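See below for the structure under consideration.
Chain nomenclature is as follows: A, B, C, D, E and F, assigned in order of appearance, with residue numbering initiated at 1 for each chain independently.
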Amino acid sequence: MFKWLHPYAKPEKAYELSLSFYKWLMPLSLIGIFVGCLWGLMFAPTDYQQGDSFRIIYIHVPSAIWSMGIYMSMGIAGFCALVWQIRLMEISVLAMAPIGAIFTALALITGSLWGKPMWGTWWVWDARLTSELILLFLYLGVFALFHSFDDQRTGAKAACILAVIGMINVPIIHYSVEWWNTLHQGASITKFDKPSIAGPMLWPLLINIFSVLLFFIALTGYRFATELLRAESHRKWVINLIK
Amino acid sequence: MMYSQFFKHMLQRDFQVAATQKHEFGLPIIFFILVLVLFPLSIGPEPGLLNRLAPAVGWIALILAMLIALPRMFVEDYENGWLEQLFLSGYPGSLIVSARIISFWALYCLPLVLTSFLLVPFFSLEIKLWWVLAQTLLCGSMLMACLGSVASALLVASRKGSGVMALLVVPLLIPALIFATATMDAAGQNLPITGPMFILMALTIFALTVAPIATAQALKLNLG
Amino acid sequence: MGAFDSFAEFISMNGYADYVWSSYGIAALLIVGLVFWSKHKRKQLIEEIKQQDEIKKRRSQHTNSEMSL
Amino acid sequence: MLSAKNLTCVRNQRVLFENLSLELNAGQLMYVTGPNGAGKTTLLRSLVGLNQLQHGEITFNQQNISECGTNILFIGHKPAINEWLTAEQNLLHWLSLTQVQADSTELLYKVGLTGLTDVPVRYLSAGQKRRVALVRMWISQAKIWVLDEPFTSIDHKGVEVLTALFKRHKENGGYVIVTSHQSLPESIVDQEFKLAYRF
Amino acid sequence: MMYSQFFKHMLQRDFQVAATQKHEFGLPIIFFILVLVLFPLSIGPEPGLLNRLAPAVGWIALILAMLIALPRMFVEDYENGWLEQLFLSGYPGSLIVSARIISFWALYCLPLVLTSFLLVPFFSLEIKLWWVLAQTLLCGSMLMACLGSVASALLVASRKGSGVMALLVVPLLIPALIFATATMDAAGQNLPITGPMFILMALTIFALTVAPIATAQALKLNLG
Amino acid sequence: MLSAKNLTCVRNQRVLFENLSLELNAGQLMYVTGPNGAGKTTLLRSLVGLNQLQHGEITFNQQNISECGTNILFIGHKPAINEWLTAEQNLLHWLSLTQVQADSTELLYKVGLTGLTDVPVRYLSAGQKRRVALVRMWISQAKIWVLDEPFTSIDHKGVEVLTALFKRHKENGGYVIVTSHQSLPESIVDQEFKLAYRF
């Protein structure tokens, strides 16, 4: 397996590979998202309880799920970067962070846009919502930490350290849902704990979840390529490539 | 043997520096007290409400006061070059760091926990509840000192101060805050507190084992 | 019109128009913005690298490290 | 023998030095010279392992330099002194860090700070501050001295004393690496290492 | 004419420095937000209670965030010697200082006042009330910047940081806090707010006229 | 004519100087020497009005020194430079503070910082930092130059250039007061003022 991987550990190869990810997956994912949204907006049946406001689910849930997923992959990449001193991994952490932050923000925004008609407020301090907010802070922290350094390499390493440490928080936040709700009256989100999603409603959701994953991979590839250029900017291959 | 002596000496030095910069080290306490005082002032004097808020205010005041003290954990020694001499001296980095964490905790956190007793008169908190609160604060401040040492070390060269510090430390501290709240709630309802308190302690011990290593790494990163 | 009886109903989302459309709008904005921002960053970087390359070349001719009156 | 092989340091895409090798035998003094910004400080910090290099390795008697902590005395631009403590307190901390037994009063006498021992360092003059840092040379048990512009702010007599100190250290089989923009007497310089400013 | 140009230039320099230390100046905001978040987390999610606390929390968060930013008002320029050059340049000290106060306010306080809008979703504060709160915060932050500049100038040589700062500034700020609370109470009960608001503004204007002179004196004291 | 009368400065119960008087005519250079801690820095800061004296008064052409702000150029141990800005930005701020019109690129060329104009000052070497502060001498329209150890960290060639600059300023009728532990060529020194270390 490592024999196969090895050529891609070379920056040039990694650069090409990640750009090709972008080339192929980006259109696919955009089409997927488009189809999913259109289906969700127009063809999925109206929910008898929530009316048409439930259509927000097709953005909310994919972005919410991947906001967590991206953090986990960032943490794992950071761990690999620190333990095995893999430079490319450091770079990938930086490539992922803004995407994750945007999805987190999106989950928060769409969530509160959904919350207003459903719960009557934009925001409640319920465990899930709060933990999502904390996740946003973690992303911002990784980002801010990286930019606190003048030396890119040092900044990247520091960001990796935080990404890894922050990962400890993810399961804790996950379980805190239980602990917290037992003590403070659970928010109305409990109502939706077992969404009785029917097939016609479910399909566009699944499409969107999958397409957003593709989008994440594609954009990470693109940003990874950019960061790689930055990190290697004094190398010959970069200068040749640009000309 | 040599290590323990070195350790002792590091602690001594920190205490001595603190003694010459008396104000510097008394100041988180003042900040802490100010937060306690500002509350009743801006909320208005309702004993019931204040009583209800007391544990929360104690925790918030602790977090904020520590956020102010944390950035200075390594910065002075970094800037005057003492830190690089320590790392050149050949002692293990995590030893150097743990000495600092402990002296920091003793100098900046312990007094805060004791000062939190002011909640009893100011917020008419019951002494029994204060006792529980103090225990959670004790664990929490240790945990925060550990997390903060990593953050402080990461940021030592960039002079970024409390802002980024807050961004790094607070999210990681939230679980502790949640368990502390749970503990206080349980205590308020006369339920057993061992459950959440135990988790809080476990978190702290975990942090205590991991933080020195991470901090030493972070410092080395910044010396290069 | 799929689940809706008329186009007007689709637009109004049975009274939830504000919420639904604004969330889809913001989502589109953020996602498209992210993509364009990434593209912009890349262009900026390439410009920078080109410039630095030139600076480096120029440096070897036009530099001075000594004080003079 | 202290030897460095193929050191390369690149800063902001400027090569400060490339494939630089040097060797220093016991009892020798190396005088590193070069114009401002040539990379003297960077080189010295690299030699003691405080700088990440792009390339190269540094050994002392076949041992990697990062493993001979107690054998190095490095005095750089930063004094490693807490300005809020007095000269004596700073010195005592240094003594116990390096585990040397010495009489602090006598040492401070030697660097001309008698009568100022109880004044916090921040009130001292530029040269006096520097002396508090330099006192380490008197008690050092390290073989290798790496000194970055030790003469900064030091008066004439002080410079003479320091040179005499270098000489004594050399005679005891020590290694001295020193930079300065003030010239050293030729009699004590064994190797002069010239760094040029590279663009 | 020359003075106004000098003034403009001083402002420009401050903004430029802030732009190179982007994070440094974004960070009181983050601190502010974190304080807002810590409250509901440790008090618990009760909309009624939170709503009741919102103005108080807004003010406390403002005061704390500013206490963090204030010590840095002059310290950097003092340490690198720029300040002594300014005073040598022959321009009146109060001019130099007012430029700094204004740039500080624009860079550190104004953003905080805007950020206080987060109280609306997080604490379910009514927008109308927020508007009143923002006005009191606007006045209050200006007042605090003035008081803080004196304190900051007094402490510039002693590196005492936020603690002593808090001790100097907060007691003087308490009247403002009381009138702000009065304003908010009036607004909450739909009573006219001009009375207390007017006093708040008068306090601010008074501080604005006195602070530059006092600050300049304090700085001169520290340069000697 | 710059004249100081009966200056007395006591620090922490130690008399640094007492009833010290000096006079300097246009076109003259005064070289203040003395061992570390003698009080040179204190004296220089007092002369420009940055230090409170126990006694004494300083006048320039019958005017109190505190009223001739634009006529003084003081460069002390502190560089008055923001390390986060680039050399060019720092220079531009200085230009607009003193309201001098000058070409910043050319000036930075003159102090040997071309190619480093866009690097924040904190990355520069010790000597380069010092140069950013010293560039003020090239554009100064002040009559009186008060320079505290201007040669610190500056390389050989730089020292020569600075001395030449003193000469030119003297020829233009300027006043120079300078301290240094490196000796100045005798040809440009008009007065040497020796401060002794007093106990």
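The definition used in the following text is that a contact is a pair of C-beta atoms (placed from the backbone, for glycine too) under 8 Å apart; a residue touches a chain by one contact, two chains touch by 3 or more.
Going by UniProt, the chains are A = Heme exporter protein C; B, E = Heme exporter protein B; C = Heme exporter protein D; D, F = ABC transporter domain-containing protein.
Source: prediction; values computed, not measured.
Enquirer: Among all chains, whose Cα centre is located farthest from the one for chain E?
Expert: D
Enquirer: Give the chain pair that accounts for the most C-beta pairs in contact.
Expert: B-E
Enquirer: Provide the C-alpha centroid distance between chain C and chain F, rounded to the nearest whole angstrom.
Expert: 50
Enquirer: What whole-Å value do you get for the distance between chain B and chain C if each is reduced to the mean of its CA atoms?
Expert: Between these chains, centre-to-centre, one finds 40 Å.
Enquirer: How many Å are there between the centre of chain A and the centre of chain F, using C-alpha atoms for each centre?
Expert: 57
Enquirer: Chain A to chain C: how many Å between their CA centres?
Expert: Inter-chain centre distance comes to 17 Å.
Enquirer: Using the touch definition from the top, which residues of chain F touch two or more other chains?
Expert: 112, 115, 120, 123, 131, 154, 157-158
Enquirer: Would you mind listing the residues of chain A that make contact with two or more other chains?
Expert: 130, 137, 140, 144, 148, 150, 233
Enquirer: Taking each residue of chain E in turn, which ones touch at least two of the other chains?
Expert: Residues 23, 30, 34, 37, 41, 44.
Enquirer: Tell me, which parts of chain E touch chain B in their complex?
Expert: 23-24, 26-31, 34-35, 37-39, 41-44, 49, 52-53, 55-56, 59-60, 63-64, 67-68, 72, 158-164, 166-167, 170, 174, 177-178, 180-181
Enquirer: So in the complex, the part of chain B that touches chain D is made up of which residues?
Expert: Chain B residues touching chain D: 2, 6, 9, 13, 16-17, 20-21, 76-77, 79-82, 84-91, 223-224.
Enquirer: Per the contact definition, I'd like the list of chain D residues that touch chain F in the complex.
Expert: Within the complex, chain D touches chain F at residues 11-12, 34-41, 77, 112, 115-116, 119, 123-128, 130-131, 149, 151-159, 181-182, 199.
Enquirer: Across the complex, what residues on chain C touch chain D?
Expert: Residue list for chain C touching chain D: 52, 56, 59-60, 63, 65-66.
Enquirer: For a test of understanding, state which residues of chain C touch chain F in their complex under the given definition.
Expert: My answer: residues 55, 59, 62-69.
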